[in-house]
Each structure stands twice: as structure tokens, then as C-alpha cells.
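Have a look at these structures, which come just after this line.
Next come two complexes built around chain A: one with chain B, the other with chain C.
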Partner chain A sequence: MHIPDGLINDPRVWLAADVVAAGTVAYAVRRESRALKPEEVPLMGVMAAFVFAGQMLNVPVAAGVSGHLLGALLAAALLGPWRATIVMTVVITVQCLLHADGGFAALGLNVINMGLAGTLVGWLIYRGVRAVIAGRAGVLLGGAIGAWASVVLGALLVGVEIGLTGQTDFVTPAKALVIVHVPIGLLEAGITVGALAVVLRARPDLLGCAPRGAVEAVSTAEAAP
Partner chain B sequence: MSPCDHPEQATRRALARRVDPRVAVVCVLAFVTVQAATPIEEWPRFVAYAGLLLIAVIASRVSLVWLLKRLALALPFVIAVAMSTLLVRPSADSAVRLPGTDLMVSGPLLILLASVAAKATLSIVALSLPVALWDFPVLVRALQALRIPRLFVMLIAFMWRYVYVLGDEARRMVQARDARSPRGRLVRRVLVVGSMAGSLFVRGYERAERVGQAMVARGYDGRLRLLVPLRRFRAADAAAVLVVAGALCAMRLA
Partner chain C sequence: MRIPWWAWAIAGVVLVGGLLSPFASSLPDGLESVIHRQQIPVAETQQPSPLPDYQAPGVRNERASVFIATAVGVIAVALLTLAIGRLLSRSRRRGDPETHEPVRPS
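The block that comes next holds the complex of A and B.
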């Protein structure tokens, strides 16, 4: 889904996307820089490496076809929306500059489609579900819906970006793109749920949940003296 | 895709390495942006862009095989647009004859196909040159010198340091899964990869916590100090700037 240069032919569209993405990321950097402790910088850097490496874990779907994690919603659930925005932007920028994966002029488009769609919109859905359903079920369900929505929204945005040029002949390919991503989103949802389940078991504190058995531990501690 | 993508040894002796990496990065990004902003209908300009890029490629001594491998990244998009061009029934006012055949295809889609093929190729080749010429710390130093926000430069540097570590970890997990895990139903396979991503995250997070504490214990205060000296501007730098800027202006205005 890394859009290369030239797929969105109209400079007005990608320039506007570059401006929107740069503005949002600049806000995220300013907001997070203030509260960032020195030891949290390597933490975010390693998380960027995690998103990069996580994209190497492939799911064999059918012969010759495999899917992989995008990770924007997972990063937002684990790091918070603004830090995840910065991390995803770093990942997408490095993929562009070092691997030439995704265009440079199209960087803003890619940051919006693969980053912001998950770290901000997907995250809002995730928080919304968690507000309604408390505890672990809310984390898993919110993660599933948020991850699915972030992928479908990303594809929808690509479709809109292609369609913004106003060519009627682009409507059918754009529709096909969105429809293809409905099952791909399910893949993302499944991987995200699997990952969140492991984190819930190993480090529930990172998801704002009490560790399992913590309540009993407290009550026995109170009963002991 | 492997995070390990070492540049070729041949580029060590390349003429283009006489240019300052900062200058090269700015020139490449300017080139990519200008060509992406050029309407594809003005195709003679793209011949000129390709000529300019070809000179840079020859001066960089990068191998063609390596460049072709990178170009393959844009291939799925080119194929998707090409298929759309062939499959979508054109509306009456946009239909054009496909050259050489009597097939009627959509004009805007044909233009889009030319656009993505030409611009993605130029962009990928141009973006590949600095990576082929210099080691990563040199490029990070160049980004730092170009006043990219500090947090960003640091995150790029840390990410690069740990992407090999976590990448190896991910590869081992995939290998172990492929060796042991039977091919279950799709849902099962997806959840297994989810568990792998979850363990990769927890291991990475706890490693990052240890790294951060160890760095603070050794006096890290949130500033990035690189042992890569920046050299002074030389005649080759000025020449590169003048050639690229002049050529881009000439191509835009001509």
C-alpha cells in the first residue's frame, strides 16, 4: 500500500496531503517532546523498529499470497495516538528514503493512509469501544474493530485521493481497491487481536489493565499483618 | 523484505562520493519533487530528467541489478493500473485507441499508467543513490545538519540500530513457525502471527526499557552525538548544486 510517486498524478492532491501530514506530525512532535523523558527516546526508536520488523511477520493466506501487519492501530493502542503517529511517520519515512518503498512526493499521502488513519481515527474507535466495554474484552474488541477500520479507511482514502482528480474512469478501480481491503482489514484485525492478547498476558500495565491476580495479591497483603 | 540492504562496494570509489552527502540528499529530494510535480503530458521533460538521472547513476557506480530489485517495489502498482486500463470500459468522451491495436481504452487511465511508470521509476532510482553511496550514520548526520527535527533524527538512528536486532528476532520466529506449526485454518494462522507480533513487541519493549536505562546511566541526556565529522563545502559540492539546480530550472522553464 506504499503509494509510489506518480500514482496520484495531480500535484495539488499530494501537496495538500504533504501539508496536512506535516502539520499533524509537527503538532504530535511538539506535544510529545515536552513530556518525553530521555530514556523514552530509545523506547520510541525501538518501537519504530518493532513496527518495521513486525511487518516482516507474514501470514500465508493462499499459494503465493501472504499478508502482513500494518501495525498503526497496534502502535496507537500500546504507545498512545500521538507517539504512535510519530513512530509510524518515522517508519514510513525510512521506508521511503532507504528502501524507496513509497514515493517522496507521496510521503504525505502514505503518512495519512497508513499512519494517521490508524493512529488517530482507528485509535478513537478503539477508545470508544473500551469506554463502552470495560476490561480485556474491550481491549480485544476495540483492537479488532479499530484495526479493521484503519485498513479499510486507509484504502478508502487512497480511493478518494485517486478520485479527487475528477476522472469518472477512476471510480471502478477505486471501488475495487476498497472492496479488496475489506478482507485484508480482517487479517489486520486478527493479527492485532493476537498481539494484544499476548501483551494483556505479559504486560497488562502497558494497556492500562491491572495484571491478572493483582486484586488477590493486594487483599492477601492487607490480610497478612 | 529485509532491513539489511547494504550498498554495493563499487560505490566506494564512485565520483559522486566527492559530493557532500548533505548536498546530495537535498539535490535528490529536489529532483524527485520537481519531477513528480511535472505533468506527465509534457513527456519531453521526462526524457531530460531521465538523462540527468542517468549521469548521476553512472557517477555513482551502482549496480543495475540492485536498482532493478528496488524498482520491483513499484511493479504491483504499475500492474494494477495497467489492468484497470485494460478492464475498465471507458466513458464515451474519454475513450482513446490504444496505439498499435484497435482496442479502445480510457484516456485518463492511460495517462495515469504513463505517470506512475515514469515518475515511480525516476523517484525510486533517485532515492536509491544516497543510500548506495554512503553508510547510514553519514546520512543521519546529513539529516541532522539539514535541521530535521531532533526527535526525528534520533528516532531514525535508534530505529536503524534496532531494526536488525528485532528483524533477526522476527526472522527466527517465522522460521520456527514454518518448521513446527502445522498449516491450520486461516483464522488460526492469523492468530499465531498475532501472538508472534505480541511477543516481538513485549521483547522489544523490555529491551528498549533496559537500553534506555543503560543509556541514562552512562550520561545520556536526550541529545544525539554522532562521531561523524562534517567536512567543509568544496568545489565539487558547488558544482553539484549548480548542475542540478540549473538543470531542474532549465527543464521546468524550457
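The block that comes next holds the complex of A and C.
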């Protein structure tokens, strides 16, 4: 879903996206400069490594089309929306500067489509599902729906951005992009749920869940004289 | 010296990601396929980069080339994120007198 330079040819569109992305990232940095604890930093680094590697591994999803993990919703579920925003921005910036994957002028567009769509909008959906369905089921279902939605929303945004340049109409590219990203979103949901299930077993506290057996342990302790 | 857990985790991602990346599908992704099918114009641009298209220039063995490019990328994002995180968590220590002693300018 990386937008190369030369696709969004209208400078007003990519400049506006650069400003929106820079402003959002600046807010995330400002917020985390007050909240982030030193012991919470390593998980951000590991997440960045995981997301970068995951984004490299394209798998065929339909005839003649491949897709790869974005990882934005997974990062947001584990780190919260603002830390995840910082992680995704680092990954997308390094892909652009080191590997020429995604244009330099289009950096803001790519941060919005592949980062913020998941870390902020996908995360809101994830939290919404968790508010309705408690516990592990809520984490996994919220992760699945949030991950799928973040990919499809990202695709829709790409379509709208192409439409904004005036080279095409709004509907044709957006429709095709959304359709092709429905299965790619399922891939995203599958990997996200798998990763969340592993974390729920190993470190449920990272997702705000009590360890397995904790409820019984508490009730036994209370029952004891 | 004890190696911290996150260094193991990042090394694991480098190894697994690097070994799997040569087998990644080279089919066009969703956006590329739509650009191609709908013939949406893309202007030619030159974007210089040290490891273009996830290949290490000059390395003839294809798998080694992708492995190197992946490893460098994974390590770069991890170190950059750790550095930014460190900086941010330090500014918290200075600015939060409730949990840490305030640093008074002398």
C-alpha cells in the first residue's frame, strides 16, 4: 500500500498530508515525553522490528495480488495509540529512506494510510469492541475487526487521495482498492489475532488482562481465614 | 554481561525475517495491481537510497542480498525506536517531580 512519489502528483494533496501527519506525530511525541517510562521502551523497539519484518513478507492473497502485514493495530493494542504512532512512523520513514519503499514527498500520505488509520481509527474500533465484550474474547475479536478495518480504511484513503489529484474520479480507484484489500485485511486480522493470542498466553498484563488462573487464586485467598 | 530480553527478541526477528524474506511473494501488492489495471499515471521519479527495493547492491547472491537488506532495516528501525524512546523517557524523568527528584539548573 506504499504510495510512491509520482502517484499523488498534486503538491497540495501530499503537502496537506505531510502537515497532518507531522502534527499528529508531534502530538504523540509530546504526549509520550511525559508518559513513557524507561522500562516501557524495549517493547517499542521489538515492536518496530516485528512490524518492519512483517511488512516485508508478502504472501499471495488473490490471483496475481500479494499483501503483507501492516501491524499498526497490533502495535496500538500492545503499546497504546501514541506509542504505536511513533513506532509506525519510524518504520515507514526507514522504509522510505533506506529502501525507497514509499515516496519521500508521500511520507505523510503513507504515515496516515498505513499508520494512523490503524493506530488511531483501528485502535478506537478495538477499544470499542473490548468495551462491549470483556476479557480475552474482546481482545481477540477487537483485534480482528480493528486490524481488518485498518487495512480497508487505509485502502479507501489511498483511493480518495488518488481522486483528490483530479487525474481520476473518486469512485473507480477507491472501489478497486477497497475490494482488493478485503482479503489483505483478512490476512492482517489473522496475523494480528495469532500474535495477540500468543501475548495473552505469555504476557496478558500487556493487554490489560489478568493472568490465567488469577481469578481462582484471588477467590481462594479471600476464602482463606 | 547479561544480554537483555529485547536484544534476543530483535535478533530473533532479524534471523526469522531475514531467512523468510527471500521467499516473500513478488506479485504486485494491492495498490500496485490497481495502478496497473486502471492505468493510473505514475510520474517517473528518482529516489536515491542505499538499499533500494530491499536488495543490497553489489551482493550477487539473491538470498544473501535480501537477507542483508532485511537485517539492516530491522536493526535500523529497532535502534531508532529505542533511541527515540530513551530520549522521551528521559525527558519525563526531568519533568516529573512526583516520581523523580526534579533536576534543578545550577
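Heads up, the rule we're going with is that the second predicted complex is superposed on the first by the 193 of 225 C-alpha atoms of A that agree within 3 Å, B and C clash if a C-alpha of one lies under 4 Å from a C-alpha of the other, contacts with A are read in each partner's own complex, and residues count from 1 in each chain.
Please note the rule applied: contacts are C-beta pairs under 8 Å (C-beta built on N, C-alpha and C of every residue); 3 or more make two chains touch, one makes a residue touch a chain.
Here the structure is a predicted model, which means the values were calculated and not measured.
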First (chain B), second (chain C), both or neither touched by A:49: both
Which of chain B and chain C A:4 touches, first, second, both or neither: both
Which of chain B and chain C A:101 touches, first, second, both or neither: both
First, second, both or neither for A:181, with chain B first and chain C second: second
Touching partner for A:198 - first (chain B), second (chain C), both, neither: first
First (chain B), second (chain C), both or neither touched by A:158: second
Chain B versus chain C as contact partner of A:34, first or second or both or neither: second
Which superposed partner A:130 touches (first chain B, second chain C, both, neither): neither
Overlap of the chain B and chain C footprints on chain A, listed as residue numbers: 2-7, 9, 29, 32-33, 36, 38, 40-50, 52-54, 56-60, 86-87, 90-91, 94, 96-101, 103-104, 167-168, 172-173, 176
Chain C contact footprint on chain A (complex, rising order): 1-7, 9, 29, 32-38, 40-54, 56-60, 64-68, 86-87, 90-91, 94-101, 103-104, 155, 158, 162, 167-168, 172-173, 176-177, 180-181, 184
Complex contact set, residues of chain A against chain B: 2-7, 9, 11, 14-15, 26, 29, 32-33, 36, 38-50, 52-61, 69, 71, 74, 78, 86-87, 90-91, 93-94, 96-101, 103-106, 165, 167-170, 172-173, 176, 187, 190-199, 202-203, 206
Of all residues in chain B, those that touch chain A in their complex: 1-3, 5, 29, 32-33, 35-37, 39-40, 70, 73-74, 77, 80-81, 84, 88, 90-91, 94, 106-109, 111-112, 115-120, 122-124, 127-128, 130-131, 136, 149, 151-152, 154-163, 165-167, 169-171, 173-174, 183, 186-187, 189-202, 204-209, 211-213, 215-216, 220-222
Touching residues (chain side chain C, partner chain A) in the complex: 4-6, 9-10, 13-14, 16-17, 20-21, 24-31, 33-35, 37-38, 40-45, 47-54, 69-70, 72-82, 84-86, 88-93, 95-96
